[in-house]
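Below are two complexes that have chain A in common, paired first with chain B and then with chain C.
Now for the complex of A and B:
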């Protein structure tokens, strides 16, 4: 079998095979067969790099999760499932997961609905539309830790404008402790989170709505379909694939939420607003429980993987 | 006989002359450090320092001066306080040797020494003749913040002690004095007990608020944790049962302290629960509070010392300069909260050069200059600092200020320092946070005690017990 035979046998024409060899820049001496695995060798460095930076840390942290390593005691011995068993007894972890779920369950629908309403509003050709869209998107380009710190200042009891504004409406000074009071911390966090990330939903949904086939909505209108019927039967199915991706992205972001809450309340009062990410940070980088944190990370990965798989199926994204 | 007398006199005079000459020519620890360090000219040493104002000392003053004297460059790695322990441990575990000299909070020393991250300094102290000057560090710091076991691991370098600052003009107001006497049946004086504090604080708020409240404190958990540790021990509390190592912070004393702390917020400015270092400083300097407790820089800045420096432009302008009095906090045993010691990293590749730098920094001569830097945050920690005529002349009341600091250095209480101290402190920080959120003090402390016990059991009861007993035996652990 000659070189050209191999190229043809693998589904390539002679000209394609020789062009590829030529394109590879490797001169094939007369009578010497080109390396059929050459193309694989070309991608080996990239795959190796990906494995090194992606897979190796994952495997290494899996190994660490079965040890008893802390920053202070380097105990490399096999600890079995000790850390994983401890996770199930750790009430603070489950509370932190519950806090994450609460924040996600409230923030995500609000961001979606408000984002959709805003997108619907800006679908019309309004004067200054582009400027307003640019301004509305500004919060998303701010680092979440900066957004959290800024809102902390806004919520400050003495110098923050929010209490001042509330005071104007109330007719008397309102020393509300937004980041301390158990009744106000969640509203404060949600306000900041929704302020920052609703524009993300808005932008994506605006792009999706702009691409809805107008002939369909016009035909529905001619056929006498009302606004809501058109929206649910034509517009929503048209934008659903994009909307589902946006929900998935924001849902995952919310599941990992850290910066805004850390800057606003640091998980307090007590551990009342501590999310899974904050608790993992506390265990790993303040308490130096390296192996326990690795086990916690794997538990969270497993939960999120199951959730994402379910969501992808449910939203029909895997079709 | 006359000959013997003559010989004795000549001998005595000669002896005196020799000892005088020897004293006159003896080199100071700073001079020895400079002379020895010149052997390492051209090298660079790296030192970990708290980020912010603290780091201006080596960046603007001591680092350039050391380079000028010895030819050794000083590279300053600024690290936020809450990350210092982690960075030091990470460097040690990685064996990178990126740091030569370290600033460590004394409460961390047992952990860092047990891990092997700190170089024992005894041999260097003897080799470079520092033992005599080391003895002149104020006893509380010297005896409690220098050693782990019987080995020296760091030089106490920062007299961080809580002081009560109060408004002399308010306490001296004849009208207020008369009204207080009529109400309380005693003179309006600076409170020496927490009961007196509550009485005076409420009275002043009733009379002067909202312009001035009786008191304000920092209430954010990382700061309040120190205040709880101080007050709990002043009221007779013990952290653990020394035999069983069971936590005893949920005793009646602990519950009373937390209850009183929350009640006191009622006569403090609205929103005091959010006050951190800066908010509380602003309240006091702007005349919004008549009493506060904090670290020594408050006293300097309240007097206006150094606040004309650009780096201190964020400090609110003091409206109370000349009106500030200094006293020990109620109970008389202030917290030696945090503070810093200078150490050498065990993985350093320039140990001698690093050691000589910290000896020079910590010496009588150089530390005297460093504690007077208007912008830096190193506070007096040597006996000579408290009595320095130069320092006492810095502002009209500086003598009283230094006297209060010196008194605090004598009676101060150490931060709790065990294996994995931060885990215990994290529980306290959570407890304080829950307190401001309105939880029941007894329930808070029962939970905290349970969590302390779990931490102790995980570390090993006997292991931790030995460390605790060593700590509790120190003169500054509990009021004597």
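Now for the complex of A and C:
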């Protein structure tokens, strides 16, 4: 028995250590590196890369945000909180955050409720169910930019099918400017967003509902509990852990929404549909405000981190 | 028998609802596909042509002739290579987290929290870094970023699959004199084969579907199909056929990819919250 083997065994915790203890009696073949550090070798490359995208942007943004760099002017002098004060006064930033919140606050509940209703619809035996489910999943797996492009074609005021269908109901041609008119841009974005991601909710909730213990719901019905009572007292609590994660994943995606807005309206008309991600993109890559964008990036990371931490605690995901 | 009739009516209504929903969710995809097969006259017909008279591939031929279809190849290389690297690094990391409890619960939570990082906030500092290194518009630059961005997902998913494995086989392999690397390679990897495959497909699809990173970090050399689609957006609708054909080229591989893993679909998109 070599020292390195003992090192590995003591490095392991409780159950693993006792389960692996038989293995520690085996001699390490000559010429093989001692495996005391084996567990660390395994994580080093991954952690290094994660730090590159996790920690580096955070620190670098923080440093740059205290300077006043633009793409044209390399002014490395310390600028104090100038950028953060400017951010605070930037009405366009707050509006973009508001737009993000509006889109999230409307799209997320609709996706959740429609997804849940759809899951209920397909929960019981329905011949051909697998075919329906396979077709319904299509929107969710295509690229968001392709989804946006597709709806751009659908929304075309003259050659798009949507205005044609609206025209059938209206009884006259309806050349609605979906991606331009201030009254229609939000419905257009929301329609595309909801179209793409409701199937995501549907799929996850269908699986969650299928796993609900049938004997519990049946017992509740025998005890005389109505449909809604059974749903809220038994079904909802048992699907909640899964539902919470689905909400979290979608909520975070919505908070960083970029692709479909870029494809449909690019933030327009004016800045009416500009979200936080779109605005940061404009500042950084069209107006070349390096330090200002860095401050904004830092603010967005801080806001989202706070949101995630709050959500994880609130939903009881931390265990 | 009225009792028999009622379930029949209910079933018919459920079918009606299912069909309406399916039409709503499938029609846009259908529309995208048929535009790619339409002639310009059919695309710009008023009222719209609901189905093309004949299927023709001229719109695709243009993309291949002009070299625009190369962007699909770029996407394939970027997503493919980054997936392989992320799977390799992510799986061994997950193994370490599960078997040796490396870093404890905190490290695992930190890793998954990286998944929640907003891409726009990451890509800006990364862009500045890449400008400094001269990595903008290079394959390796984007591959590194895609790999790093995929890692939390891979680690999280593979952690779940490895947790499902029995310990006995690994133990007996160690007793038989295998090194730890051999155990990983000969015992663990084969046993999580299906999990590896499912996770790899999803990782590939996420990178394949990315737009923002490619938009910021490419210029001419490694433009992906998603960025290429937006190049046709101009003010006029002249490029409809190209938008549709390019989108379809980028969508077909994803359909195939996902069709191969129906069984793992829900586990994959719910990040392991539902074990199928």
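The rule is simple: the second predicted complex is superposed on the first by the 267 of 319 C-alpha atoms of A that agree within 3 Å, B and C clash if a C-alpha of one lies under 4 Å from a C-alpha of the other, contacts with A are read in each partner's own complex, and residues count from 1 in each chain.
Criterion: a residue touches a chain if its C-beta (ideal position, glycine included) is under 8 Å from a C-beta of that chain, and two chains touch if they have at least 3 such contacts.
Note that the structure is a prediction, hence the values are computed from the model and not measured.
Once the two complexes are overlaid on the shared chain, A:64 sits against chain C while remaining clear of chain B. In the superposed model, A:179 makes contact with chain B only, not with chain C. Contacts of A:268 after superposition: chain B is touched, whereas chain C is not reached. Touch criterion met: A:282 reaches chain B, while chain C stays clear of it. By the touch criterion stated above, A:197 is placed in contact with neither chain B nor chain C. Taking chain A as the reference, the larger set of touched residues comes from C, when chain B and chain C are compared. When both complexes are overlaid on chain A, the residue A:156 reaches chain B and chain C alike.
When the two complexes are overlaid on their common chain A, residue A:292 makes contact with neither chain B nor chain C.
Touch criterion met: A:126 reaches chain C, while chain B stays clear of it. Across the two superposed structures, the residue set of chain A contacted by chain B and also by chain C is 156, 158, 285.
Contact residues of chain A toward chain C in the complex are 8, 11-13, 16, 19-20, 22-23, 26, 28-29, 32, 35, 38-40, 42-43, 45-47, 49-50, 52-54, 56-57, 60-61, 64, 118, 121-122, 124, 126, 132, 134-147, 149-154, 156, 158-161, 164, 195, 198-200, 203-204, 206-208, 211, 241-242, 245-246, 249, 252, 255-256, 258-259, 262-263, 276-277, 280-281, 284-285, 290, 293-294, 296-298, 300-301, 304-305, 308, 318. For chain B in complex with chain A, the residues that touch the partner chain are 82, 86, 89-90, 93, 111, 114-115, 221, 269-271, 273-274, 279, 419-420, 422-423, 426, 430, 433-434, 436-439. The touching residues of chain A, when paired with chain B in their complex, are 71-72, 74, 156-158, 173, 175, 177, 179-182, 268-272, 282, 285-288. Chain contact summary for the complex, chain C toward chain A: residues 11, 14-15, 17-18, 21-22, 24-29, 31-32, 35, 43-48, 50, 89-90, 92-93, 95-97, 99-103, 107, 109, 111, 113-114, 116-122, 124-129, 144-145, 147-149, 151-152, 155, 167, 170-171, 174-175, 177, 179-180, 205, 208-212, 215-216, 226, 229-230, 233, 237, 240, 243-244, 247, 250-251, 254-255, 258-259, 262, 265-266, 269-271, 273-274, 276.
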